[in-house]
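Alright, structures below, take your time with them.
First subunit A sits with subunit B, and in the next complex the same chain sits with subunit C.
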Partner chain A sequence: MFDYNFHWRPVMKSLPDLLEASLLTIQVAVLAMVLGIIIGLCLALTRLHLKGPLYWFASAWVELARNTPALFQLFFFGFGLGAFGLHLSPYFIVLAGLTFNCAGYLAENFRGGFQAVPETQLRASRSLGMTAWQAYTRVVIPQVFRIVYHPITNQMVWAVLMSSLGMLVGFRELSGETQFFASRTFRIFEYFAVTAVIYYVIVKIILLASRLLASRLFRY
Partner chain B sequence: MIEIRDLHKYFGSLHVLKGIDLDVQKGEVLSVIGASGSGKSTLLYCINGLEPIQQGSVRVDGIDVHAKGTDINKLRTKLGMVFQQWNSFPHLTALENVALAPKIVKGKSRDEARDIAAKQLTHVGLGEKLNVFPSSLSGGQQQRLAIARALAMEPEYMLFDEATSALDPELVGEVLDTMRLLAEEGMTMICVTHEMGFARDVSDRVAFFHQGVMEEIGPPAQIFSEAQSEHTRKFLANVR
Partner chain C sequence: MQPTVSFFSGFNINDLWFLGEAALRTLWISVLSISIGTVIGVVCGWLLYEGKLAATLTLAPVLDIFRSVPLIIQLVLFYNFAPIVGLNLDPFASGVVILSIYTAALVANVARGGIEAVGDPMRRAARSLGMTYWQDLRYVVFPIGGRAVFPAWVGVALGVMKDSALVSVLGYVELLKASQILITRTQEPFLILTIAGAFYFALSYPISRYSASLEKRWAQ
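Let's turn to the complex of A and B:
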């Protein structure tokens, strides 16, 4: 084991390909987050305000997303739907799986956020003549957003890391691409070490950007 | 003028207001007193349409608050309301708190809305606090902020729901003073209150509520010294 000779040259040669693949990683994570935020908001409001089938549907989504392995969720959109004859491309399998997972987690964060804003804020807004829409968009949601801001950042990091599961359904994002090169050159350790560094840097950039944005956004 | 006729309000099977008839004239200050749970807050919510009613009617300047075709948001701009919990918007500065509704409800320009807000904040004694966030204001200051926010809509009526009940005792005075100021300026006010001194000194009439019924209404002198109803006398004996 100690005779192992490190060979970094092949990794360095495919670094441009790895960096390009990491853009794909970021892209799919960002898209999943955007969709996850929109769907998560709908799920949260459904669970807060509706009863019956829609409530059950939203609750089932949240329960499954949070209480089953993310990998199984991905496999469902890959092999599960495949069994019913619906074949998604690896890109869409990962996008759908990540979106499903993020929406479920974010829905719970949003629900907590809405519950943390007192009902009386809504009453006070309506008493000033605001429509329900105005009261929500100008008074309630800005406060909720502040509460869920850090959970959203965490989820974004999680989405980037979780997208690495894509390599198991044949998606050549950062991990898939690494796996591809590693198995061709047998420099497995070197490839995954470099890729780990790339993930680390991406996550650090996200956290830094989030902190900078927060200091601009939140004045109170 | 506010005209309330045979108003009944239920929460499910709970009969909370049992046939209220009440007129409030322009310029009048009416205090509403009564035990907790007697329906005072609910009455205010029925006046500005925050709660639907099951029978009777409420008219504000002739407009039926609960009629289908009524533009309730427009009507509410005539009816300022101040709550027990002051409900400042924590994500906005004092100035933005007050400027928000004039801007988005009345369509004022940003500058106009800010001018109105600065004027109203100065009016309630917060001229020095324009750019401060509510979290660094005292309860009394936040309640005055809430009054300024309501006044910025240029309402013709003000509804106060126990505006001082949630305040530390030493902060009650500043809010009552602000309410007195409004009364002197001729604002039409309905004040649900536990401050008997205020009710006696400032109001034109005092209404006593008991279990969803308006038991008695009259000038302060009459209610406080020669109440007709046994319930009123008992209530007043307890609060003094």
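Let's turn to the complex of A and C:
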């Protein structure tokens, strides 16, 4: 049945390179998530409280991010913008694509979170003499954070998984690096098997870390 | 003087046909994988619910792997693994296999949630009316639980439809691959990507809106 000799040695030899590339994966995913959370928050608040062109802009962003493939979004930032003479480096293609996607998905989660906090809470805190800013940062946001904590964790996992698309736009993160080595040695199966394990471990670490953090944050 | 040979030719009406055909292929591979994956996923979800400890120890980790490794890695891995065990699958078949398993892994959790959404008293009532176990599943759990998780299932199905774009790494010419081919020839990335994106959007947006409105109506 196995008419194939597995060669793991070349993979083990380039394992340090793969691990280094996986740091790049994590870096781009974390950066995209941080930007995505900030932009997503702005988009959610815009869609909740504003009308007119800003509302349409935010809605268009959210719907486009949620209803087209992530790969399409990457291609758009990669090749589509080239039509306007804007050529991004692979790193920024992936970062821009991931940020666009994460912001869209997170905006919907945030919107749900804000809607879950009753408006009476805001009014009660205002009537206690808090300014709008204080009411938001001390009463509303902590409650919203609790609701969206789990979706944010999920999105973080998605961001790591999605960054693997960088392989297709020539970005040398974990997947790109793997493909580079695999096409040099023709040990495609072995390389990608190891990469799959690395991704699995990264995802498990993220989930574990988020669970530990949650048990610290939400003690009360 | 000889006229210079032109490698690039503009976008014309035949290319629209080419894109349309590719869009149909995207649709076909998505529908096939979603259908197969949903059936397997529902069975897995039922197993997860019924086979408490045994399933948690065996089936759940396996499904978890498919959710924690990027789809693109799964596709490349399977495509290169199949010949090792003597299967000669074309890109389409490999794509269907992996997309189906991926769908099943996502649907399993949805299905288990659906079964859990039906309260124990309801099921006991059904059994005490003389229904067999299977009648209870078919006439009580399926309509009620299915209704509870239908929007989640639509979300999974749309996600797989969008992720089917990744089968292009195996060389299957679906919509995104087709647009890439056209971009190489016509050098008009913006126009072609817009058409491709519009197709995905036109498919995904109405369905997600419809499922959201159903969710709202059923919640009342």
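Just so we're on the same page, the second predicted complex is superposed on the first by the 218 of 220 C-alpha atoms of A that agree within 3 Å, B and C clash if a C-alpha of one lies under 4 Å from a C-alpha of the other, contacts with A are read in each partner's own complex, and residues count from 1 in each chain.
In this text, contacts are C-beta pairs under 8 Å (C-beta built on N, C-alpha and C of every residue); 3 or more make two chains touch, one makes a residue touch a chain.
Quantities reported herein were computed from a predicted structural model and do not represent experimental measurements.
*Asks:* Quick check on the superposed pair: does A:64 touch subunit B, subunit C, both, or neither? Answer first, second, both or neither.
*Replies:* second
*Asks:* Could you tell me if A:80 is touching subunit B, subunit C, both of them or neither one (first, second, both, neither)?
*Replies:* Second partner only.
*Asks:* Determine, under the contact definition given at the top, whether A:54 touches first (subunit B), second (subunit C), both, or neither.
*Replies:* Neither partner.
*Asks:* Check the residue A:88 against both partner chains and state whether it touches subunit B (first), subunit C (second), both, or neither.
*Replies:* neither
*Asks:* Considering only touches as defined above, state whether A:199 meets subunit B (first), subunit C (second), both or neither.
*Replies:* second
*Asks:* On subunit A, which partner touches more residues: subunit B or subunit C?
*Replies:* Answer, by number of touched residues of subunit A: C.
*Asks:* Touching A:143, do we find subunit B (first), subunit C (second), both, or neither?
*Replies:* After superposition on chain A, A:143 lies in contact with subunit B alone.
*Asks:* Can you list the residues of subunit A that meet both subunit B and subunit C?
*Replies:* none
*Asks:* Of all residues in subunit A, which touch subunit C in the complex?
*Replies:* 1-4, 63-64, 66-72, 75-76, 79-80, 82-84, 157, 161-162, 164-165, 167-168, 175, 188-189, 192-193, 195-196, 199-200, 203-204
*Asks:* Given the complex with subunit A, which residues does subunit C contribute to the contact?
*Replies:* Per the touch definition, subunit C meets subunit A at residues 65, 68-74, 76-77, 80-81, 83-86, 158, 162-163, 165-166, 168-169, 176, 179-180, 183, 188-191, 193-194, 196-197, 200-201, 204-205, 208.
*Asks:* Can you list the subunit A residues touching subunit B in their complex?
*Replies:* 118, 120-121, 123-131, 134, 138-139, 142-143, 146, 219-220
*Asks:* Name, in rising order, each residue of subunit B that touches subunit A in their complex.
*Replies:* 48, 50, 73-74, 76-77, 79-81, 83, 85, 87, 89-91, 100-101, 104-106, 133, 135, 146, 149-150, 153
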